[in-house]
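Letters A, B, C and D name the chains as they come in the text, with residue numbers starting at 1 for each one.
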Amino acid sequence: MSFFGGLISTVFERRYRGASEDDAQGRSTQALAAELLGTHGEVSGGTLARLILDQYAAMNASEQRAFFGFMVHDLNIDFERVTETVATYRDTPSKKSYRAFASACEPKRQELIRRLNQVPGATARLVTMRRDLLGLLPDYPELAPLDVDFQHLFASWFNRGFLVMRPINWSSPADILEKIIAYEAVHAIDSWEDLRRRLQPEDRRCFGFFHLAMPDEPLIFVEVALTCGIPNSIQHLLADARDPIKAEEADTAVFYSISNCQAGLAGISFGNSLIKQVAADLARDLPEIANFVTLSPIPGLKKWLSHLEEGVALDADHQAIAAHYLLEAKRSDGMPADPVARFHLGNGAIVHAVHAQADLSDNGMQQSGGAMVNYLYDLDQITANHEKFVGEKTVIASDEVRALSETVRPAR
Amino acid sequence: MSFFGGLISTVFERRYRGASEDDAQGRSTQALAAELLGTHGEVSGGTLARLILDQYAAMNASEQRAFFGFMVHDLNIDFERVTETVATYRDTPSKKSYRAFASACEPKRQELIRRLNQVPGATARLVTMRRDLLGLLPDYPELAPLDVDFQHLFASWFNRGFLVMRPINWSSPADILEKIIAYEAVHAIDSWEDLRRRLQPEDRRCFGFFHLAMPDEPLIFVEVALTCGIPNSIQHLLADARDPIKAEEADTAVFYSISNCQAGLAGISFGNSLIKQVAADLARDLPEIANFVTLSPIPGLKKWLSHLEEGVALDADHQAIAAHYLLEAKRSDGMPADPVARFHLGNGAIVHAVHAQADLSDNGMQQSGGAMVNYLYDLDQITANHEKFVGEKTVIASDEVRALSETVRPAR
Amino acid sequence: MSFFGGLISTVFERRYRGASEDDAQGRSTQALAAELLGTHGEVSGGTLARLILDQYAAMNASEQRAFFGFMVHDLNIDFERVTETVATYRDTPSKKSYRAFASACEPKRQELIRRLNQVPGATARLVTMRRDLLGLLPDYPELAPLDVDFQHLFASWFNRGFLVMRPINWSSPADILEKIIAYEAVHAIDSWEDLRRRLQPEDRRCFGFFHLAMPDEPLIFVEVALTCGIPNSIQHLLADARDPIKAEEADTAVFYSISNCQAGLAGISFGNSLIKQVAADLARDLPEIANFVTLSPIPGLKKWLSHLEEGVALDADHQAIAAHYLLEAKRSDGMPADPVARFHLGNGAIVHAVHAQADLSDNGMQQSGGAMVNYLYDLDQITANHEKFVGEKTVIASDEVRALSETVRPAR
Amino acid sequence: MSFFGGLISTVFERRYRGASEDDAQGRSTQALAAELLGTHGEVSGGTLARLILDQYAAMNASEQRAFFGFMVHDLNIDFERVTETVATYRDTPSKKSYRAFASACEPKRQELIRRLNQVPGATARLVTMRRDLLGLLPDYPELAPLDVDFQHLFASWFNRGFLVMRPINWSSPADILEKIIAYEAVHAIDSWEDLRRRLQPEDRRCFGFFHLAMPDEPLIFVEVALTCGIPNSIQHLLADARDPIKAEEADTAVFYSISNCQAGLAGISFGNSLIKQVAADLARDLPEIANFVTLSPIPGLKKWLSHLEEGVALDADHQAIAAHYLLEAKRSDGMPADPVARFHLGNGAIVHAVHAQADLSDNGMQQSGGAMVNYLYDLDQITANHEKFVGEKTVIASDEVRALSETVRPAR
C-alpha cells in the first residue's frame, strides 16, 4: 500500500472499527469466513474480510490446504437443493424459482471470494491465493473444484472490458519495471541496463494490460521491435550494440516476447487481445508499418524429435524439420503439438517463415536446436484464418514454409 | 466516446476488421449472439459484440422484449444436464465432474453478457440494457430469470473492490455535474447556480462512487453539509443566502442527500460503503468533526397515517407521531415500515432526533407533513448496532426520541 | 486555494511560522515591502510576501494608488548610479562592472514583484495587481513606469515556453467553464445551455492557453467551428437548432471567436501562438481540413464611416464599403485602421471574403452594420504574408475582395 | 521528446512551416539570431528559434565561444543611449521616457534568450547553454556579462512560484530515478539496488523541485531518513542490511543529502525552500516527528587544518576541533569558512551536535577525518536564527557544541 494510503487507512481504523475486530482476532479463519458469509449487507464485512486475508497471508502450506479444504467441502453446494430447485424451476419457471435454483447451484465459496474482495488490495491477494492453490493441486486434486470457482470468478473480473492497455517504457515507474525484469519468460532480462535496451530506443516498444484493482501489477506484456524487414535471429534483434532505426522508417513490427505475469490468473487468456490492440495502435501511429510478425521460439521441437519412433530419422536439414514439425506434428485432438504454434494460429496468424540458427542461447538450443519461426498477423485475414484453424484445424502457412516442410521424408 | 477514442477506433477499424463484419450486418441479433457464443477465444468476438450492442441500441420495446425472450428461453440451462451433472459430481467429485456441473447450471445468457462486455463502453450499455429489462418486467414477468442473471453478474462486476470514490465539486467536469443535477433524487437541484451552492462553499462536500469501465458515470453520490450543531431543517440548510462557515470550525457532518444514479444497477447496494468511506475521509481531514448524522426524509409517514385503522387517531403532536412511526411501524417481516429508516438502521445508525417543520417543500409536506429525522452514525457503535438491528430487529434510538415516541397513545 | 491545499497550508503555518508574523501584522505595506527587499535569501520571505499580498487585497483604490506611488518613487533606480556604472562598464568591461550596471538600472520594484511571487497563488494576484494599476493609469499617468516593469516581468514569466494549450470541452471543470462564459468577448454566451452548444457538438472545439502557476485560469481561448465550406454568417454558425456534422466530414476550421481573459496581461500577446497551435493540432487530427479561416467582426467600420469628411459619401453597397475599409483605411503609422484586421494580418492571414448581413446582433449592427470578414490562414504562406505586412504594410487580400474594394468611389 | 510528442511535431512541421526554413538552413547562427530579434511578433520566431538551438547543439567549444562572444559584443547595450535615456527619464519621467530607458539598458541578448525559449524543450537547452558558458568562463572571462544575463533571466523563470515539489520514490519513472543516481553529490549511489534502499523502505523519503518546462529533470532533491533519535553516523544510517522502522514511530527527520542537479542553474538557490517545504509536509503527515536535523559533511575541515599557521597545532580531540572549525573558522567577510555550514546557518538552522567517526568513506575521511555535524531546524526559531546569522554573522550552536569548541586551545 502507498504511504498515503496507509495513513488514510490508519486514521480510519483508529476511529472507525469498533470492538468487534478485537473480538475476532482470536478466532479461526474458518469461523471468520462463516461469519463473513452470514453478515447482512456491507457493515462489518470489510473488517472480517481484512482479518481473513491477513490470517491467510500468515498461513503455511498445510494451513492453506486446510482452509482450501474447508472451502471445498463446507462451502460446497447442497446436492439435494440443486435437484429440487432445478425441478421446480423447470416446472414453474419464475423469478422466485430461478433465483432459488441459481442460489442453490452456486457454492457458498464463490460468495466468500466475492466478499473477501471488498477491501483495498484484496484482488491481488486473491490472485495470489489461487496461485497457492494451483501449487497444491498436483498433490491434492480433491481441491480442484475450488480452482474451477476461482477461474470462473476471475474470468468475470478480468473481462476484457475491465482491462486497460498501457505502454511500458523508460518513463514507467521503477516498481513496474522491476516486475518486467522478473516476469520476462521468453528472453531473460539480465539487468536494468538490459531492460533499458528493450525499452528506451526509438525502435522498441512494450505494452501491458493492467486492471484497475491492481494498478501496479502488469497482467501480461508484449515486447515489440520495429525493424526494416522481417528478422531471422533473436541474437541480432537483441544485440547489445546496435544502431536503432527511426520509428517512422520501420516497415515491420516484431512481437518478439510475450509474457504472462500472474500465475494466479492461469487459464484467463489475455494474449490475443493484447496483440490485436498493440497492432491497432501501431498501425495508427506508424502508417508505414506493413508487416506484423512474431519471432517465436519452437519449444517442443527437440522433445518431439527425441520421441519419434525408434529407427525413424528425418532426412532433411534442420530448418525443414522445424517447418515439418509446426505443420504436421499434432496432439491427440488434432491440434498442433507446439504450444506457441497453437497460441498464434489460434489468434489467426499463419506460419510465415522458419529460421535455423536463430536463437543460439542455451535455452534456444535446447528447445529447438536454435530454430525460430515468424508467425504473421495479416490484419485483413486473421478472422478468416482463425475460423479455419478452429473449425477445420488447418494450419495455414506460407508457400515457402509448406514447400520446405514437404521436403522432409523419413530416412530409410 | 471521446473524440480521440473515436479517432483511434476509426483507424483501427479501417485497417483491422476484415470482411466478416460486412457479412454480419444483415443478420439478426439472435443469430449474431449465437455466433458470439460459438466463437473460440477472443478473435472475432469484439466485432460481433459491437454489432449486437449497436443493433440492440436501435431496438424498440417490442424488439427488446423479443431479444430478452430469446435470452431467457433459448439461452437457458439444460434441465436434464443439471440433474445428471449434479449427480455425477456428488458421486465422483473431481475437477472434471464439478466443471461439468458448474457449466451446466450457468445459463448461456450469462456467458453472452460477459462476451458482450469486451468492447469499450460496453459496461454502460449493459447497465442500460438491464434498465430496459426492468421496465418491461411488470408486463412480462416471464423475463425475470434474465434479471436474476444480470444482478448476479453486476454484483460481481461492481464489487466494492472495483469502485473508486471521487470528490465531486465545482472543479469537476461539467458532464459529470449535469448528471448530479439530473440524478439528485431527494432535494431537487434547480439550476447550475443551485448546484454551485451545493458544491462550492467551503462547508459543502459531495462524493460519489465510480467504476473504471464507466468513468464519466457516477453510480451513487452523497451530499454533505458541514455544520456547527446538528441541523433541524432542510430549508435552513439549503437556504440560498447563507454565510458558509469554515470547514475546520464544523463539529458535525450532515449527509443530507444520497442518490443512486443507475436504474440498471437496482439491487446492487453501494450506499453503506459510500457513507462509511466518506465518514472516514472526513474524520481524517477534519479531526474536529464529532458527529456524523443525516437529515433524512420520512417518506412513508403520511401514507402510514392514512392507513391506520378507521376510528384510530393518534393523540400527540406531529413530531411525536413521526418518532412513533419510525420506532413502531413495521413491515410484515418485522422490519421498520419506512424504507429510509431500514437503510440507515441497516447501516448501523440510530434514530437520533425528529424534527417537525423541517421540510416545507411540496414533496416534504406530502410525504411526512414536513417532519424529518437525524440518523446518527456513531463510528464506534455502528457494527454492534447493525448486528442488533439485523439479528433482533431492534430499532435503536436516543432516549429523547424513545420518550417522545412513548407519548403517543391512541385517542379515544 | 483547493480545500486540501488550504489544509496543508494551515498545518504548515501553525507549526512553521514563528513570532515574526505577529510582529509584522501591525506594520504598513511599505515597511513590509522594504523588509522583504532587505531579506537575504528565502527564509522569512514567504511570510512577508503573503502579508503584503493580503494587505494589498484589502486596499481601496486610494490605498492602491499610494502603494503604487511608493513603488514608482521609492523603489526607483538611482540615476547617478546608472550614469556611473554604465561609464565604468564601458571603460572596463568585466563581470563585476556589468553586474553593477545591470543592478543599477533595474529598479528595486522589479525585485519586489519577483519576491512577492514566491508564495502559492501569488502569480494570479500579481496579475490582478497590474489590472488595478491599468485602471488607475488614465487618472494617474505618473504611475506608468510601474506598468512598464510589470509588462517586462510578465513577458518573461508568460513566455510561450511556459504555456500549455489545453482543450476546453464539456468535460472540463465547471470552474473553468464559468470563466469561458464570463470572458467571451466577441459573441456573448447567455447560459450554460448556450455554452454547451459551443462545446459539446462533434463539430465544435475550444482551446485555451494556461500557465502552470494559474492552472484554473485560462489566459486566452479560441472557439472553433468545423464546417463544410467557409461560413458567411455568425447567426447561421451559432444557430440554436442545427444538426452537427461529423468532424471528419468538415473541410474548414473556423476560428469564430478569440478572447483574452486576463486584463492584467494586456500587451502580452498570445493569440498568434494559440491560432498556430490549434491549426497544427487540427491539421494532425483531421487531415481532411483544407481551410483555416476566421469569421471576424469589423469593429471599426461604422465609426470610420461616421468620421469621413463631411460631404463625402461612398457610392457602393455595404459589402464593398467594408472591403474598402479593411484594405484602405489606415492609422497614422500606415497600419490598417481596424484592430482585428491588424491582429490577423499581423499573424500572416489575408482578407479572404467579406459578407453583409453576417452579424445581425445589436453589437454587430452597431459596429459594422452587420458586415463580417473571413481572414484566411494559408499555412504555407503565413510567414511570407506576415513579413510583407510588417515590412511593407501591404494588406494582402483575395482578388475578389480587392475587386470589390475598387468599386468604391466617393459619391459626387 | 516523447514518441507521441515527436509525432505531433512531425505532422505539424510537414503541413505548417513554409519555405522560410529551407532558406534559413544555410545561414550562420549569428545571422539567424539577428533575424529572430528583428521579427515582429510571434510568427516566424518558432522556426528560427529551433534552428538556432539545433545549430547550437552541434557546436564545438570554439564555435560556442564565438557565439557567446557575438552575444556579449554585438548584442550589448548602447552605452550612449543608456546615458541619454537615463537623463531624459530623470528630467521628464513618463511612460515613454522610462520605457526608452528600460529598453536601452537591457542588452538585446536577454531578449534573444527569451525568444529562443518559445519552442518545446527550449528551457532545458538554454540551461545547458549556460552550463557550457560556465565551463568557458575561466578561460574567457570576457564572456562573463552574458552569464550575468543568464542568471538574471533564470532567477525570474525559476522563481519559487513556478516550481513544484514532487516526491521521488520507487514508483517514480525510471528516467527520473537514473538522474537521481547520476546527480547524488554527497553520498554516491552505486546501483539500482542501492537506490532502492534509499527510496523504498517506509522510513526513507526523497523530494525534489521540478519546473513545468522541464518536467523530467529534477532541479534539486533532498534525501530524508526517518529515525528514532538523532543519528551520529552515516554508515549506520545507510547500512545495507537494516530493519526499517515504521514511519509513525519516528521522532526525527534527517536530511542526510541534498544535491543540486543542474550545473546550468548555478547561483539560483532552491535548497532553503525545498527543506522548508519538506519539513512542512512531513510535519503534517507525521505529527510525531519532533526533530528536523541534517547529518552533514564538513567538507572544509581537513583543508583548514592543513592551512593553519606553521607551528600551530590544536590540542584537542578531533570532535572538538570540528566544533571549533564550524564556530570559529571564518572567511574574509566574517562568514563561516565551511560552505555547508553557510548554507544551513543561512537557512536558520543551528549547529546541534558534532560526531567523530561518522563518515568512514574515502571521501569523508579526506574531507573531515570522518567527522560530521547535525544542523537542527527548529521551525519556531529559524526566522530569528536566520536574521541573527545574516545580520550579526552569529553562529548559533547548542551549549554542548559550544563547550566542546571552547576546549580547543593552540598547543604550545
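Note that in this section a residue touches a chain if its C-beta (ideal position, glycine included) is under 8 Å from a C-beta of that chain, and two chains touch if they have at least 3 such contacts.
For each chain, UniProt lists the protein as follows: A, B, C, D = Malonyl-CoA decarboxylase.
These numbers come from a predicted model, not from an experiment.
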Of the other chains, whose C-alpha centre is the longest way from the centre of chain D (Malonyl-CoA decarboxylase)?
-> B
Is the contact between copies chain B (Malonyl-CoA decarboxylase) and chain C (Malonyl-CoA decarboxylase) built from the same residues on both sides or from different ones, judged by whether over half of the numbers are shared?
-> same
Chain centre separation in whole Å, for chain B (Malonyl-CoA decarboxylase) relative to chain A (Malonyl-CoA decarboxylase) (CA means) = 34
Averaged over CA atoms, how far is the centre of chain B (Malonyl-CoA decarboxylase) from the centre of chain C (Malonyl-CoA decarboxylase)? Could you give it in whole Å?
-> 47
Using mean C-alpha positions as chain centres, tell me how far chain B (Malonyl-CoA decarboxylase) is from chain D (Malonyl-CoA decarboxylase) in Å, no decimals.
-> 54
How many Å are there between the centre of chain A (Malonyl-CoA decarboxylase) and the centre of chain C (Malonyl-CoA decarboxylase), using C-alpha atoms for each centre?
-> 54
Residue ranges of chain B (Malonyl-CoA decarboxylase) touching at least 2 other chains are none
What kind of graph do the touching chains make: line, ring, star, complete, other?
-> ring
Can you name the residues of chain A (Malonyl-CoA decarboxylase) that touch chain D (Malonyl-CoA decarboxylase) in the complex?
-> 2-4, 7, 10, 170-175, 177, 192, 196, 202, 216, 247-248, 285
Interfacial residue positions of chain B (Malonyl-CoA decarboxylase) with respect to chain A (Malonyl-CoA decarboxylase) in the complex = 8, 11-12, 15-20, 40-44, 46-47, 77, 79, 82-83, 86-87, 89-90, 93-95, 98-99, 101-102, 105, 114, 117-120, 122-123, 141-142, 144-145, 147-149, 152-153, 155-157, 159-162, 164, 212-213, 269, 272-273, 276, 279-281, 283-284, 346-348, 379-384, 386-387, 390
